[in-house]
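One structure is given below, represented as structure tokens, and several questions about it will come after.
Residue numbering begins at 1 within each chain, and the chains themselves are lettered A, B, C, D, E and F in the order written.
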Amino acid sequence: MVNSGDTAFILIASALVLLMIPGLALFYGGLARQKNAGSTIMYSFATIGIVGVVWVLWGYTLAFGPDIGGFIGGLDNFGLAGVSASEGATPDAKIPAQAFMIFQGMFAIITPALITGAFAERMKFSAFVVFTTLWVTIVYAPVAHWVWADGGWLLGLGALDFAGGTVVHINSGVAALAAALILGPRLGFGRQAMEPHNLPLVVLGAGLLWFGWFGFNAGSALSAGGDAVNAFVVTNTAACAGIIGWVGMSWIFSKKPSIIGAASGAVAGLVAITPASGFVGAMPSIIIGIGAGVMCFGAIQLLIKLKVDDALSVWGVHGIGGTWGAIATGIFVGIGYGGLADGVTRLEQIGIQLIAIGATWAWAFAVTAIILLAIKFTIGLRVSESAEEIGLDLSEHGEPAYRL
Amino acid sequence: MKKVEAIIRPEKFNAVKEALVEGGFVGLNTVSVTGRGAQRGIVHQGRSGQSIAIDMLPKTKMELVVGDGDAERVCEIIIEAARTGEIGDGKIFISNVEEVIRVRTGERGETAL
Amino acid sequence: MVNSGDTAFILIASALVLLMIPGLALFYGGLARQKNAGSTIMYSFATIGIVGVVWVLWGYTLAFGPDIGGFIGGLDNFGLAGVSASEGATPDAKIPAQAFMIFQGMFAIITPALITGAFAERMKFSAFVVFTTLWVTIVYAPVAHWVWADGGWLLGLGALDFAGGTVVHINSGVAALAAALILGPRLGFGRQAMEPHNLPLVVLGAGLLWFGWFGFNAGSALSAGGDAVNAFVVTNTAACAGIIGWVGMSWIFSKKPSIIGAASGAVAGLVAITPASGFVGAMPSIIIGIGAGVMCFGAIQLLIKLKVDDALSVWGVHGIGGTWGAIATGIFVGIGYGGLADGVTRLEQIGIQLIAIGATWAWAFAVTAIILLAIKFTIGLRVSESAEEIGLDLSEHGEPAYRL
Amino acid sequence: MVNSGDTAFILIASALVLLMIPGLALFYGGLARQKNAGSTIMYSFATIGIVGVVWVLWGYTLAFGPDIGGFIGGLDNFGLAGVSASEGATPDAKIPAQAFMIFQGMFAIITPALITGAFAERMKFSAFVVFTTLWVTIVYAPVAHWVWADGGWLLGLGALDFAGGTVVHINSGVAALAAALILGPRLGFGRQAMEPHNLPLVVLGAGLLWFGWFGFNAGSALSAGGDAVNAFVVTNTAACAGIIGWVGMSWIFSKKPSIIGAASGAVAGLVAITPASGFVGAMPSIIIGIGAGVMCFGAIQLLIKLKVDDALSVWGVHGIGGTWGAIATGIFVGIGYGGLADGVTRLEQIGIQLIAIGATWAWAFAVTAIILLAIKFTIGLRVSESAEEIGLDLSEHGEPAYRL
Amino acid sequence: MKKVEAIIRPEKFNAVKEALVEGGFVGLNTVSVTGRGAQRGIVHQGRSGQSIAIDMLPKTKMELVVGDGDAERVCEIIIEAARTGEIGDGKIFISNVEEVIRVRTGERGETAL
Amino acid sequence: MKKVEAIIRPEKFNAVKEALVEGGFVGLNTVSVTGRGAQRGIVHQGRSGQSIAIDMLPKTKMELVVGDGDAERVCEIIIEAARTGEIGDGKIFISNVEEVIRVRTGERGETAL
């Protein structure tokens, strides 16, 4: 039954997830070069505006409206029709339907915002607006439906994704890879240093992300009980372990413990624990976190070697971190918390996880590519060369990030 | 009068300033520049540990305008305080200044220094 | 009955509102010029210190003590006498009396802090201290009493203000206008560019404000039920719509989508939904938000044309945004959520709203003007010209904002 | 009984305390000089990684495992064995055991992070890693056990420490003093100005700390009832009073109201109210806060005169503020809230507080000194002189804080 | 041609710039420097109110390259707009410039100014 | 020796640097300045979309001290790499330098470059 403790919990959790997006804006903004700091921030911040409205209009109903063939929701809840602010969606729901709606809305906002790191420093703002509107509608909403909605085909298959390893992280990370490939590298990529312009901003962003991630993962329990407590604990532990993993790698491979690496490692750990957070205990979360730090570090190096310019390493962190987390969910489910579903063996569960991963990779890559190519050949994706040289803050927005 | 421009390591600025003040040279101005010379090999690390060769290094440029006879002494003081013996210690440039004016009083020439 | 779910909710909501004030400090600080960044931040931060103590001493009792003639509270609760930390104020209260007290205290702190944007970059810190102490006592406390206290005359009249459209936003916005007029413009206003010095700081501030606003609006339900959920949803939606409205205006009128405009538009949307958030659903909130973005954008331009120097646009955003929100509450009440009071027609409700708006405008303008004139002719309001040229960080505080 | 309202409250409180650490990172980072901003931030951020993992492995069980002689906990809960995510530790616990564990874990993280301000700008990162791991194990865990664990000898004695005046603040502040003495002053200390490089960052950090402190103090009630409400109210009030105290001192003694002083004063007030927050009401909290502002201000001046280089004034704020708070808890207990324990007079209570203070000072100083000396004579504590001149961001981490 | 380098109070920059533009001198560039001269006594406050003597003060350095005959006029304009009469008003240095080239057109000499 | 000061568009700095290095000129230092010349019409937008005419534009100032015979070659390289043909391309100033000293070794004259 709907009650104040659980409702309070989900509302605050939703607020925490919302805060992740300005956090992401600053994280990405700090990682960008100074001349693009504002524009990079703007991508994330504007995403809130766009998706926040899209979600209440048609996004929610496409994802969570009545199931159509396991693939997508119907339009019955268009404009939140029939979504109550005080009653639960089902008799045993502990929170009102609109609380669930807005919590899910925050996920829908942050996912496309994550992608923006891949095309930062070169994509036209107008192209971004069109892309984000389309992407959340035809990439995000279906995948959310598959995994989390009653009737979704991956849910039916038994895929485990507590808080968004596939829906949020693989989805955005793979879309980022498609974007990096289709937009092509930034001018000077590989020749000039393109390093973070503001480290305190990066750490601030990482701190806000971490804080918000408690809402993200623990909130996904949809009530303040044991699932939430466990998710909270493993989330924190994996983030800590992610720091250790990534900083350790930088200490070994470049002889110095990296500060940006600490921030990145925390995020990698958080990404990887996301799908697992309702299904594993604290000990596996240490392995998941360290593994995420190590693998994401390696994945970024790999992409640089392949000369693919995923500007702020979205694929490396979210694509690979999310994939590792989704596999690890199968590997560690039930160790320390939760358990395998009745009649499913661990190997079978890992197989199901791989199907969910494969389906998300394929869908995210293919549909993102189609959207981007469509934009490329209509209004165009990239700013002009001289606009890119000057920096997008001035050329696209007419506002410098700093007047110091 | 002469303008002595010295491009030195930023971390040596305090030592140089104190040496100059001791030597009686209080007037100067400085600006942060980035520079490139023979010095190489400074490496930053990128997000995933890749090495980033930094060819433009932060330096401090000091400017002192001094009387013709003082330029040599100033150079000596600077060299002594700024030298580490490693490449990257910097350069000094001396050029001619035709006139100096103190804004407050309108005084001109060496008395305005 | 007092219970842990609702109490937890209000305490966290109070913490969220507190965070809005450092958020505001950074928002305003980023909008100021570099030489006044610290002093601008200090106005907001010092406001917490001053009003936080004033409120527990005499502020709370003036606002919420036993009603005197519908106009002000009596001194019975001076120093929190008789305000319990564990029992509710009434038998059916769901939260302890002190939880209500501190939640309201945060509102009392933020309201004068909002005003500081109008006199930033030129007001003496000593004058600010006197002003803020007097203003919260003789402007804020009465208006809060009228609108929210048992017996308050505007409450009796049926004026709807869920979370502070009149009390917080019109009140501060109109006081800001009075301050801008009485202090006069900054040196060089209209000739020199006086633009934001730190855009990431502005966006950070806006992000913290948005996050805190969930506490502000949803918390105003005073329990974690349907009202809170609805307020949460419409708050978020209006903020998103505000971004769309303001960025759209900048895109149309200056050909470039503004980043500062996105941050400002979010705030404008949040301001406008504040009074309405318990009374309308998500669809009207989109209109309220877009309307706020458009109108506040226009109001700022108007004031600049009138050569009035409201330095950080407090009147434009809070005065006009708050007024639009208060009217919109009457226009849209009951659409999507809540309903008109029994026996009141929509037109009557709009009329009541206009009375509440008019009373707040008049009181805020007149009493603020009196306070400022009294200070002007005693200790003086403005720093010297040379202090203003040097910047208030050094001249008033002896501390530069940055040593980069 | 475990319930959703209290569980939600503690989980959110834990998230708030976690956020204090990035907040502290930025607070300290802003106070440091630019060339050490990143490294100073890194100390705090890396502390989360280290202690977050140590705590779930052996920290928690050393502090809260079954009592051994009043001095330390046994290893029964190593790796969280037997710590349930859904059941309370005792039948009357209102929150699951793991919720208590993680809440306490955040305290264990922040305490060594506080110390880092003393050795900032000169300690090797490798030395810091070893120090922090050892310190949390052999200094923090025992003191936490003495004061808060069933069977702890100070708890048995009747020492009052609601939220960490001894365990967190005296402990870290005195360790900071030992660190300052053993590391020695920074190059140029006393001759060159070593002033904060980024004031907005300092205020942001203070704002996040304040926000998080609500979780810290109110959360220490371990349920969302009257204790939490009272702690919340006095926490806020003391912070406000701290601002007034410190800014007043700076206004009197250096003729200008200090902005850094406002941020510092808030923190000082928060430190001092921490042990008292469950035992005194709002009026004493004003005295405690103002007193903290005044005393910490004086303590910092004293240490500078003694030529001890506690770089970011950890001893002055946490050591002295914590000591004042622990004494004040004895002086004011029961005034406005709570009461003396049965059969204990106020004087006796003050005596007990002094014992707790003395024991913590002695233990923290002695064991910290031993750890540091051991590191000094093995791997070494300080970076080379030239590395210190260049700044630790580049010499230790290879990453400049800004590329503006 | 002559290079006029003026080191002035940052808060006077706008006034000086406007005066120069009125006088017909639009071309210039500026950089923020920190300087030290006769000026003393600027004090910041430390965290616990201790006084911090700042001996390197922020100044604005303007550079104008002008025709030989214009240098005096430029100095007069700057002095008039920048002077407060308090120490710290700044200095002007004049030196010789041998050649000026406009990048856009390749023009040289005074026509390139 | 000659000092070549080039004030160019910041976004052209990398191209100019690479061209100079190719031409064998590795020693240089740069500083960010704000400047004003013939260039007009850069407009930022204010908070409510009002146009803000920016008359002081960010530029990069490069300084190279080179042997007397190299100055012309350096100017050519800079002009070629920095030119866009639009106003705002910048200026080059050449002046005389009397002495150069390498701090590390005390060497003087062209060998110290």
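Heads up, the rule we're going with is that contacts are C-beta pairs under 8 Å (C-beta built on N, C-alpha and C of every residue); 3 or more make two chains touch, one makes a residue touch a chain.
Everything numeric here is computed off the predicted structure, so don't read it as measured data.
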Legend entry - Chains touching both subunit D and subunit F: A, B, C, E
Inset, instruction - Moving only from a chain to one it touches, give the least number of moves from subunit A to subunit F. - result: 1
Legend entry - Selected interface, C-F versus B-D, where C-beta contact pairs are more numerous: C-F
Inset, instruction - Could you tell me the distance, in whole angstrom, between the mean C-alpha positions of subunit B and subunit C? - result: 51
Legend entry - CA centroid of subunit D to CA centroid of subunit E, Å: 49
Legend entry - Where subunit E and subunit F are represented by their mean Cα positions, the distance between them in whole Å: 19
Inset, instruction - Would you pick out the residues of subunit C that each touch at least 2 other chains? - result: 3-6, 8, 12, 195-196, 198, 204, 208, 254, 256, 258, 260, 397-400, 402, 404
Inset, instruction - Check each residue of subunit B and list the ones that touch at least two other chains. - result: 31, 44-45, 84, 95-96
Legend entry - Touch relationships between chains, expressed as pairs: A-B, A-C, A-D, A-F, B-D, B-E, B-F, C-D, C-E, C-F, D-E, E-F
Legend entry - Residue ranges of subunit F touching subunit B (in the complex, touch as defined): 3, 17, 26-31, 65, 95-104, 106, 112
Inset, instruction - Under the touch definition given earlier, write down the residues of subunit A that touch subunit B in their complex. - result: 31, 193, 195-196, 249-250, 253-254, 256, 258, 260-261, 264, 296-298, 300-301, 304, 313, 316
Legend entry - Complex interface listing, subunit A residues touching subunit D: 3-6, 8-9, 12, 16, 33-34, 94, 195-200, 203-204, 206-208, 210-211, 214-215, 218, 223-230, 232-233, 236-237, 239-244, 247, 254, 256-260, 262-263, 265-266, 281-283, 286, 336-337, 402, 404
Inset, instruction - Going by the contact rule at the top, pick out the subunit A residues touching subunit F in the complex. - result: 188, 192, 386, 389-391, 394, 397-400
Legend entry - subunit B residues touching subunit A - in the complex, by the definition given at the top: 44-54
